[in-house]
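First subunit A sits with subunit B, and in the next complex the same chain sits with subunit C.
So, the complex of A and B:
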């Protein structure tokens, strides 16, 4: 029954997308999207797809010298509101081996600091983790928390600098400049697919105006009608560090219960969600 | 006598010779714009050398930076006030924007990762994100800095008066340029704070640049002084200029050749103009003899050819000895040492070639009346010649006494030599009051130290570094190393684990220790890596947890300090057995290896040069006996100088090692001139005397110690070629005394060394050769 429904909603979205694209093609000038609109749609497509989401995430952290660290985890997400709104994340670690059973939970709020909790199995202890910096590394990778869960749209000034093709896909090229100075980059250029609004590439420029990080979406799959980036890379050009992320077992709208996001399940996560 | 044909050709076609010389000089001079300068002393070891390969590997494994600048901020009233903190934040922000700075890993109050627990919440974040608003917040900041062993003596001094910012540089960035940008910026700061910039890259790059700059100032200055002194010696401006040109031409030819060949000029090679200028002064013997001859024969052309006949042989052999002394450097390992040796050897050969062509040709342009006027002063019974005769008399008339005194001096010097330490300290190449030395002192006195070393601990298996045993071993080793007076601070993953353990357990000081299980340690590290900057952990352990890196801050740049650290590690390993292996790395270790490799290479070269010079002496004199005698003043001079170096506590460092080779080449010149000319004189005298004695018949009875052919010849040699030697020495000494006023100590060393060496070796030759020859005449002159 549920399976049928999700297919159904996927189909609806597909129709809407088709209509939208035809519509925009017909009267392009009339309803030209603003940069903010594009960024919002991109966030929706990239971070807020579905009611909830689950994936087995394989992260490969590669140092300049070619040494590798592996992170294997299950990530569960549930939306509480529209695009840009509240979200909850639940993360269970499989690898590295000595952190097996470690769990991590994030309540993400727009325009305020996240709440984060970590369960340390060796001490059988749950600790709240302060999270004032959304630009800090996500589990030691080259991705930041913002790269995983999205950045507040109002935090940047956005402008369309051009439209161009990127590997045969028509893209908007958006420049986003943070309004506050306490961010690790001075501006970001994003190539956003005009069809599905997924970011295909992002370039981060540092305070000296030099290119310093590059995000690329390397593989896209349609899952339950949701275009999903299943392989992505973030490369830090300055320290030569790189993180490759592959999503396997991706699923949407699986009906994650609110109770999952609690200290009890942090200590003892249910198999059915994490496997 | 092939060379003399060249002399004759030159005096017959002076214009042609001068024109050709100038043409070739211009040709070589056109190569100069292509010059490639390498001011980095580090590059004296090739990139493939073990230490550089290993250091690169360590840098890669732990994501470390080769070069780090340290900015010290001192406020005598303490840095914990709103204004100073605001300035620290402002300066840090500015530094992050400087090109060449690895901004992501700058460690300052506002960027350094701090692990704390506040009301049950674990916080891994930069220490000071906002400026504290009130006294309460300032007090909290003070506490979190001073009570955290990860920060104490690293970014804050114990008295809270000195804060530090560690500024890592991207590969290839120029430390001096970054330091200059920082200097500009801090100049704009108001307030009571004082700023100090230190660190190896600043010293190294500043030194490299200054060295070249000074070369551009002091080489011409030394040249100018020589020009003036020469003028006073010969009262002929034209000839003074000729000698100057002689040196310049050889410098341009040899440098031009090397630049044209695309060889980069390192610091060491940058000193070669001064060396060539020094070696060029040997032509003074030609001038010296020329004026005596001119006075005797009165004809320019004849005087030149006769002069060249008389001094040609010693001039050739001194050139051979000097060139050989430098050429042996060619078989050393270190490329800049080879380049330096080749450059000077080549220049020396050019110089001698010029002596037989260009110089005689130039004589032809001088008016005879002027020569006559100058030559009139060259009287062997007057002035300096009389003084020299008296000096030589010491050795000639009281040889036993003279040698006895010499032997005592020699013994004392040898005792001094044993005290010499081979050491190099780049910061000490700057004067005590220089900005760099002062900054270094301030940071070394107030914080852990500005010189950085690593000890890399290597476990047999992956994951081993998470074991409590391994970490406790590191902890013990750190405490052991901290007992060394040179070690200001050590820092490793151990400190981090202890800190996390304390913070996790509600900031309980009793929990500041290594936990008991591998799992806990693994999870702590993971927890930390989740929030911290990647480099925070990467700089301490490698990915497979097989290697750990202990950071060691040293309070001195002495190579010796690192040697002591390595020794202490070995001691500890002997006392407490472990499966861990330890290997040193880092800039301090590099300096130690550099010190050993470069300096020992020079020492080896020096010893080899000693042997080669002896062989050349034997060939020149066609007698090993004479070679031994001529060798004595040389050895004596060197031993005496090293004896003094030993007593003054001056280290045997790079400048001294380079000079050793020069000293050899120069000191032997005097002996060659003296012995060659003495033997020539003896032969001439024998002819004269032979005629006389056969006529008088009683001449033999007249031969006493106070008047014998040997004595006469010795005194004559001291007065005439001896004057050339003395002139050479004075010229040298006066030119190089200019360097005593240079702002870099290597220059002062060069100046002092050359001045004392020239004076000493001239004295040794004039006093001790007569003494030795007088004593050993039976043995020496048997077959003569």
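So, the complex of A and C:
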């Protein structure tokens, strides 16, 4: 028995050593996260959290002269696949008055154009919308479609340029340079929170290398265990225009049915989802 | 915005009221046939009441207006219906606007009534569509969605008024009698649409049994007409459409067979022959906030030799293939508050055209204005757009929305 026990404990030590080496390997891996890994985790935290998502979105478009326009909408999102994969979006507009009751549906695909449909209530008409440019402005704001639903990770070259604190939070600082030349910026610097991987700040530089747009995450809340940016701003430094976005009534994993993303509900949106 | 929330113990209606004040004036560039200077001049107030008590919804859209041309005001119920929504089906009963098909201002399988006078006189686009008093049933099984529309009351298209619009009319001045289909079971119109996704394309099949909404004109005598009867011949339409992403844009294909049931042989000179209508459309975003839309549309007349044989000599003959092309250019500027657009129709078979440049600006979230022009020309006597040649007009739409 004793002999066996000795053997047994020796085996235990062997196992522990193995586990330790695996753990150390894992933690070593964590230190050696590549820029792509960080951007992927950031996308997961920012655009793909939960199985589905709902928010009432209040957008305030503010011109250089201080004139304000409001866009109020409910956004519903459901994931189909992993981070970077397919998603469906359903958007219902409350404000301004001339777009009240309009609905908008997007099937987002990685590495190809979206499918987009718009419902115009005054004509009771559903139209497909041409969507070749994901860098287009979303409803006239300073945010683009990509800023709302994410940019393909493979579209950029990513590099970690440094690690630093931003408002007391440890961040990775990533430089992302678009591989294609037809993008409105030449590169982007992102400050990504090391703990929850949310982007805290992004700086967009134009073709001349001058800073022209700044994104800031202004408020975070924990909703059902998912850290969520509930207030954000995109400011265009070149024309002085900015857009503030506040998410209210945020919820995750609410059981959005696949049937929501259909022409039926585009024409007759269900109250239970849009309210 | 007025948001009324009325609630009692077991009864809660979620209701909202919205609407607009609108001024809409269209100046004729040449005086009208009756000497007037405006194609349209009115102030309008619209109220939309929307109430929901699930599974029911009540929607009423009523316009009150004052028309300066006729110097009279009136009320008009644009839409007014009740919805009932169940899990896999729904029902809409009452006055409703239905828009089917893929064409941009070209309609093949959208067999519902239009107001072309509104379109040609620079009124907002929504006034092109007339409501119908109908019952619509929707069912949504997995395999295919279905919309079935039953229309007991016939509603014709509205065409430009002869007092305000110059037009080609060789029968002008002869007394007219209009005969609309009487409301009975046999004359009840039925329209059906089946649709589903086919590998990323939106596919639809359409069936319609009813009447032409453009009247045919039968004289009591072809050589010396003393009396004309306007009537709406029987029509069935069988069609299909397909739309999806292709060629870096959106491709639309639509076709329909117009079965002229009262003149299947094509020998009656006043009833349109059966036709095949088809449409190819392409839409592309060229750069940010700039899109281009192109369409090619055709109407192919069947039994053309019978048509030629039966036509009275004094009336210009139609071609076997009528062709129409369109271009739409749209540019948004200033954070989508300013919209510049140009729409054009040009018919390669007739040589006539219509141009509609427009500029629309949103002064605030509530106030917008649009300024545009309708220009017609080209073609020969009796061609569809060319015959509107002397009706060019400059219009303004001003709307405060709440």
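Rule of thumb we're sticking to: the second predicted complex is superposed on the first by the 244 of 275 C-alpha atoms of A that agree within 3 Å, B and C clash if a C-alpha of one lies under 4 Å from a C-alpha of the other, contacts with A are read in each partner's own complex, and residues count from 1 in each chain.
Here, a contact is a pair of C-beta atoms (placed from the backbone, for glycine too) under 8 Å apart; a residue touches a chain by one contact, two chains touch by 3 or more.
Keep in mind that this is a model prediction, so the values were computed, not measured.
Applying the stated clash criterion after superposition on subunit A shows that subunit B and subunit C collide. In the superposition on chain A, no contact is made by A:177 with either subunit B or subunit C. Residue contacts after overlaying the shared chain place A:206 against subunit B, while subunit C stays out of touching range. Once the two complexes are overlaid on the shared chain, A:125 sits against subunit B and subunit C alike. By the document's definition of touching, of the two partners only subunit B reaches A:64; subunit C does not.
Contacts of A:238 after superposition: subunit B is touched, whereas subunit C is not reached. When the two structures are aligned on the shared chain, A:259 is found in touch with subunit C, with no touch to subunit B.
By the document's definition of touching, of the two partners only subunit C reaches A:113; subunit B does not.
Once the two complexes are overlaid on the shared chain, A:268 sits against subunit C while remaining clear of subunit B.
Judged by the touch definition given at the top, the superposed model places A:102 against subunit B, while subunit C stays out of reach. After superposition on chain A, the stretch of subunit C that runs into subunit B among 152-160, 278-286 or 296-304 is 278-286. Touching of subunit A by both subunit B and subunit C, each in its own complex, is seen for residues 63, 69, 96, 98, 122-123, 125, 128-130, 132-133, 136-137, 139-140, 241.
Chain contact summary for the complex, subunit A toward subunit C: residues 61, 63, 69-70, 95-98, 100, 113, 115, 122-125, 128-133, 135-137, 139-141, 241, 259, 262-264, 268, 270-271. Interface residues of subunit A, counted against subunit B in their complex, comprise 63-65, 67-69, 96, 98-99, 102, 104, 118, 120-123, 125, 127-130, 132-133, 136-140, 142, 182, 184, 206-208, 238-239, 241. Per the touch definition, subunit B reaches subunit A in the complex via residues 60-61, 63, 96-99, 102-105, 118, 120-126, 129, 170, 463, 466, 504, 517-520, 522-523, 526-527, 529-535, 537-538, 542-544. Interface residues of subunit C, counted against subunit A in their complex, comprise 1, 14, 18, 20, 52, 54, 83, 85, 90, 96-99, 125-126, 129, 138, 140, 145, 195, 200, 202, 243-245, 248-250, 252, 283-285, 287-289, 291, 332, 335-337, 362, 364-366, 368, 399, 401-402.
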